[in-house]
Amino acid sequence: MRSDKRQPDQLRPVKIQTNYLMTAEGSALIEVGHTRVLCAASVEDSLPSFLRNSGRGWVTAEYAMLPRATAERTPREITKGKQSGRTHEIQRLIGRSLRSVVDMEALGERTVVIDCDVIQADGGTRTAAITGGYVALALAVKKLLEFGVLKRNPLKDLIAATSVGVVKGASLLDLCYEEDSAAEVDMNVVMTGAGEFVELQATAEKLSFKDDRLLEMIALARKGLAELFELQKAAIQGK
Amino acid sequence: MRSDKRQPDQLRPVKIQTNYLMTAEGSALIEVGHTRVLCAASVEDSLPSFLRNSGRGWVTAEYAMLPRATAERTPREITKGKQSGRTHEIQRLIGRSLRSVVDMEALGERTVVIDCDVIQADGGTRTAAITGGYVALALAVKKLLEFGVLKRNPLKDLIAATSVGVVKGASLLDLCYEEDSAAEVDMNVVMTGAGEFVELQATAEKLSFKDDRLLEMIALARKGLAELFELQKAAIQGK
Amino acid sequence: MRSDKRQPDQLRPVKIQTNYLMTAEGSALIEVGHTRVLCAASVEDSLPSFLRNSGRGWVTAEYAMLPRATAERTPREITKGKQSGRTHEIQRLIGRSLRSVVDMEALGERTVVIDCDVIQADGGTRTAAITGGYVALALAVKKLLEFGVLKRNPLKDLIAATSVGVVKGASLLDLCYEEDSAAEVDMNVVMTGAGEFVELQATAEKLSFKDDRLLEMIALARKGLAELFELQKAAIQGK
Amino acid sequence: MRSDKRQPDQLRPVKIQTNYLMTAEGSALIEVGHTRVLCAASVEDSLPSFLRNSGRGWVTAEYAMLPRATAERTPREITKGKQSGRTHEIQRLIGRSLRSVVDMEALGERTVVIDCDVIQADGGTRTAAITGGYVALALAVKKLLEFGVLKRNPLKDLIAATSVGVVKGASLLDLCYEEDSAAEVDMNVVMTGAGEFVELQATAEKLSFKDDRLLEMIALARKGLAELFELQKAAIQGK
Amino acid sequence: MRSDKRQPDQLRPVKIQTNYLMTAEGSALIEVGHTRVLCAASVEDSLPSFLRNSGRGWVTAEYAMLPRATAERTPREITKGKQSGRTHEIQRLIGRSLRSVVDMEALGERTVVIDCDVIQADGGTRTAAITGGYVALALAVKKLLEFGVLKRNPLKDLIAATSVGVVKGASLLDLCYEEDSAAEVDMNVVMTGAGEFVELQATAEKLSFKDDRLLEMIALARKGLAELFELQKAAIQGK
Amino acid sequence: MRSDKRQPDQLRPVKIQTNYLMTAEGSALIEVGHTRVLCAASVEDSLPSFLRNSGRGWVTAEYAMLPRATAERTPREITKGKQSGRTHEIQRLIGRSLRSVVDMEALGERTVVIDCDVIQADGGTRTAAITGGYVALALAVKKLLEFGVLKRNPLKDLIAATSVGVVKGASLLDLCYEEDSAAEVDMNVVMTGAGEFVELQATAEKLSFKDDRLLEMIALARKGLAELFELQKAAIQGK
């Protein structure tokens, strides 16, 4: 039995509050259990230098945690003057994942920045950021289409992410912080709405593992992702 | 007539949502019009070096804005590797203001850090941070008293802050961003519940001013602060 | 009786040595008691980006202390790689104050940088920097007028600053370091030659205060500022 | 046909030169095709703070590229004053991988730092760093055992890494830079000598993929890793 | 004929104003022609870690230029967040030079920091800093001897520095900025009162040179240094 | 007798392996005893701003040590976020030395960057970097001449460097680390193939010295440099 009484293949309750910010082109506050991430999409005219005059656009992401998102206060990264390796790793993952479903020619010469700020952290912040970040991106794109800035939809598919882990020998979907800390294996899966992998990162924190375990974990992830895709669609359509 | 139809001596609607975070000892999400600041109080055992073994405690504050709190995205300070002068100035003001009502001996050898993170900005973020930061501090202190960690209440009085400005020659209470940008004079007042000044910062952005104008602005501030003190009391008592 | 035998409403001896540097367009070494600040005005062709092609100029200030300006050596800020909050706060104040008396269209598309370097510190360095910085600015402007670079004088008025404080219940003009450390209230006033406020910053370091005290402190500041304006005029005219 | 005429399941020529440095406790210069990484193991008495007095040791890694390791010169990270996200990500991966086969109690209260400096880069630098870093670690451990500093061998197994990718629809083992740039999918596999996964990172750079492709790529990796384990064993035994 | 009508073997006018700062243990404002450097000696109880509990002291130096010391304003190093290579090089040279005449055991477990701040620069700032820095050091030592903090004089000899250069084929003593910019060879010589070399740095900026030229330049330096030693002695004795 | 049985006027064994990198325009791995420095020449189209449109080129150098080049691991400079004073000093010396033999008009509007990375350090890394850096530069220039990018050879002469020191009263050529640590005087000499000085830096680490010692040390350097020039010529010609 899991600490919050979930079944091994059960997601935590997920809520996506759209347009949380009146300032941003698109925004979503996603809650996955106690984890809360505010995702904001900003459409900017600038482009990274390697894309200038290419006719193509860019999507990038930034990730941060508020200092008191965690049970013990975490000092702000600005105090040290530099971002941690963990932050770098996560924001690169979010950006890469979102870009995989964007037709950059349809987006045209503009950058969409997805800011993912963790308000409260209870495990799975990077996967929540991808799932919520996609909603913020989709809402911004919707607005650009409505205003005629974009002629055709640059979003080729949905994209969402979840985690799976092995805790005391059992494969579990969507780890909370307590489970994550005790996990023998930890895996993040990013998948398209069509059910294909975009990223798959499995780490044996305490115990190496074999192919059959890998396939079992993938099956769990696939189940959770199917539910997340439905929630994303409903949120984007404003239901 | 003001852009949002308020009277010159009228505050924007203020809402204080307490215990917004389950992770922090005390927290409050304060909304002043469209301005939204999340204030979190963290109680830590460490002390700045000049206070070690002094029998006295410390209260300090940190302030930051999420990148999309503003109508145009503001790059994170971590991107440059250092905090702006504006951030430094504001967090020093918040810390100084809160310390003015704390009996540091009653607090004992611990530090309370007040994190003020601006979720959405529409003028008056620093004054909202002081007003909301006090509530987060008071809630954390309440918890320490309940658990018997503190023997007596270190809070000597309430503290709140508001802004007043001169726009097109008229003195106005609680400027929103649009008014603030156009203001000839801008003043922030920090006051104790007993009605005494703790900080008074008046800046002639466009037009220098005389004593009578100063007194007129102070009277407006006093009116707004009286209302804020009532809202703080209700929030802290959980009404 | 004050530690240096001054009356409560008496400034410390003030000396302004003009053209201290042969390298700068304008410069002044101002001494206020033991406080010594070297102010240098540099006229540059560049402009901050928000002013390019606006037909308007800019005035900005930088402030620093030599490490042995203080009784105990203060490490250079470069050692830490970043400026302290105090430095940021002070140089923003100096810049804002000086800009308030400059007609930016008359100045034209150029920047004047006022460097204020504290050689020796005994309280009141930021107000001395404003008072001396104005002299350096005025001397540089004079030179630009003489050389025909400027067609009309961009300086609309004089600007000077002084401090007032409450020490053991008594309001005192122009605090030295010893008085400043013990002050219950500390106020800096920046005023135009016409006697109007440009900045007024009052901080209750130890004791909150009321309106009557505020007015009493303002009256003291006004007296000291009147004397500083005379000294500035004499210095600029080369008497 | 691959650009260097290899079969799809063929590694590039691998050479491991041991004890390349007389200064380090253990070192290995590994060449995988044109990729050359110098790996050095340093045994230090210090420990990260969370491990002090725990009776346990630590293994960590640092990764860098010489500026002219690449066909176009890459500016040193010190020029910007901070490490890139890519560097952070890679050195975390190397450290995590090596730690997975170390018995930290047998290692005792000491840190082994594995420095991986890329002399020449032609794809696969992070996997070469893991494979060569293990050899440097093993040589340092061997020395500690010989000198009686360690009582028992803290190395529980071998660890090595390789890459697999999909290029023009074909799954290929051990991508060189040219192949890597064109890859639709890129996967790094870190495996123990016992054939169990420690890390598996698959990224769909251009095309999402399904389970069967994943299994096909894993099989290729397994073949290459078997060969790398033999080379590691020979190198460590000094053959 | 030199631009300022000096003979080839003639120093610029040198003035050393002692005890310029009331805050420092020892201080000297040295002027060499238009070059003006403020040197301050601070005696501190701390020691660099490699000297703790060694019974020995340390002397170190810091060097900086005020932004308007130069004919064109030089941005502060703090703006970039780091010291230039030139600054590093100079302050290492000053520290090394001063240490060469200090008996570190007689100094005891304390550090003397010599701050050399260039107020106005016209060539030869590093050599003026050494010459003036020695005076500040000697004055601080004198005070420590008077107060009985030191039992015996840790200064074993005088130390001073000057520059020599080759301009249009002629060897010249003590280059001003204009000469320095045009010099084919530039040499700095640091010498003890006993006439022995401590540092000799010759750089062929435009033309390589031979032994005879080297000896000619050394002879010039020796002449200038003899005069500087007399000025130092007079300054330290308060004449 | 020296620790490695050399005569006082004997260089350590020197080996120069050319074209060590296939990625760089020119490269050389130089070994001087146990000291090993990898020198790489990169030809870039950019120019420092002060040279743009001048028709002239530039040569610059960067220097770094791998962390385990030393007997005890030296933390990477990136860990602190800034280069040490020593690094700055050395790379400025290398750049200045190489530039002294380059005809910048013949080089044309391009920059050659010489990266000198110390693989293993046993004293004399800066002089080895100059000697090896020249070879890398010469090889890159040779390639540019062969490809017709350069019309005439911009290299006016050879340049090499060596060290001389006084150890226990004896003047010794080419100090290894052990000798260097114990040296009373340490001198680096950079000389052209024509036997003229480009840089001469003598430092009395422990004992000041006179003219006759200087001349004795110069004679030793001259002998060593003659041998280095022969080795450079052979390396560049591919013998």
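Going by the order they are written in, the chains are A, B, C, D, E and F; count residues from 1 in each one.
The working rule: contacts are C-beta pairs under 8 Å (C-beta built on N, C-alpha and C of every residue); 3 or more make two chains touch, one makes a residue touch a chain.
Being a predicted model, the structure only gives us computed values, none of them experimental.
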item: Least hop count linking subunit D to subunit E through chains in contact; value: 2
item: Touching subunit C and also subunit D, the following chains; value: none
item: Rotation, 0 to 180 degrees and nearest 5, that superposes subunit A on copy subunit C via CA atoms; value: 120
item: D-F, C-E or E-F - pair sharing over half of the A-D contact pairs; value: E-F
item: Euclidean distance of C-alpha centroids - subunit A vs subunit B, Å; value: 33
item: For subunit B paired with subunit C, centre-to-centre distance based on mean C-alpha positions, whole Å; value: 28
item: Geometric centre distance via CA averages, subunit F-subunit B, whole Å; value: 59
item: Per-residue overlap in subunit E, given as positions that touch at least 2 other chains; value: 81-83
item: Circular arrangement of chains, read from subunit E onward through subunit F; value: E, F, D, A, B, C
item: Residue ranges of subunit D in contact with subunit F within the complex; value: 21-24, 27, 34, 38, 40, 42, 44, 62, 64, 66-71, 73, 76-78, 81-83, 113, 115, 117, 119-121
item: Of subunit A, residues touching subunit D in the complex; value: 82-86, 88-89, 91-92, 96, 100, 191-192, 194-204, 208-211, 214-215, 218
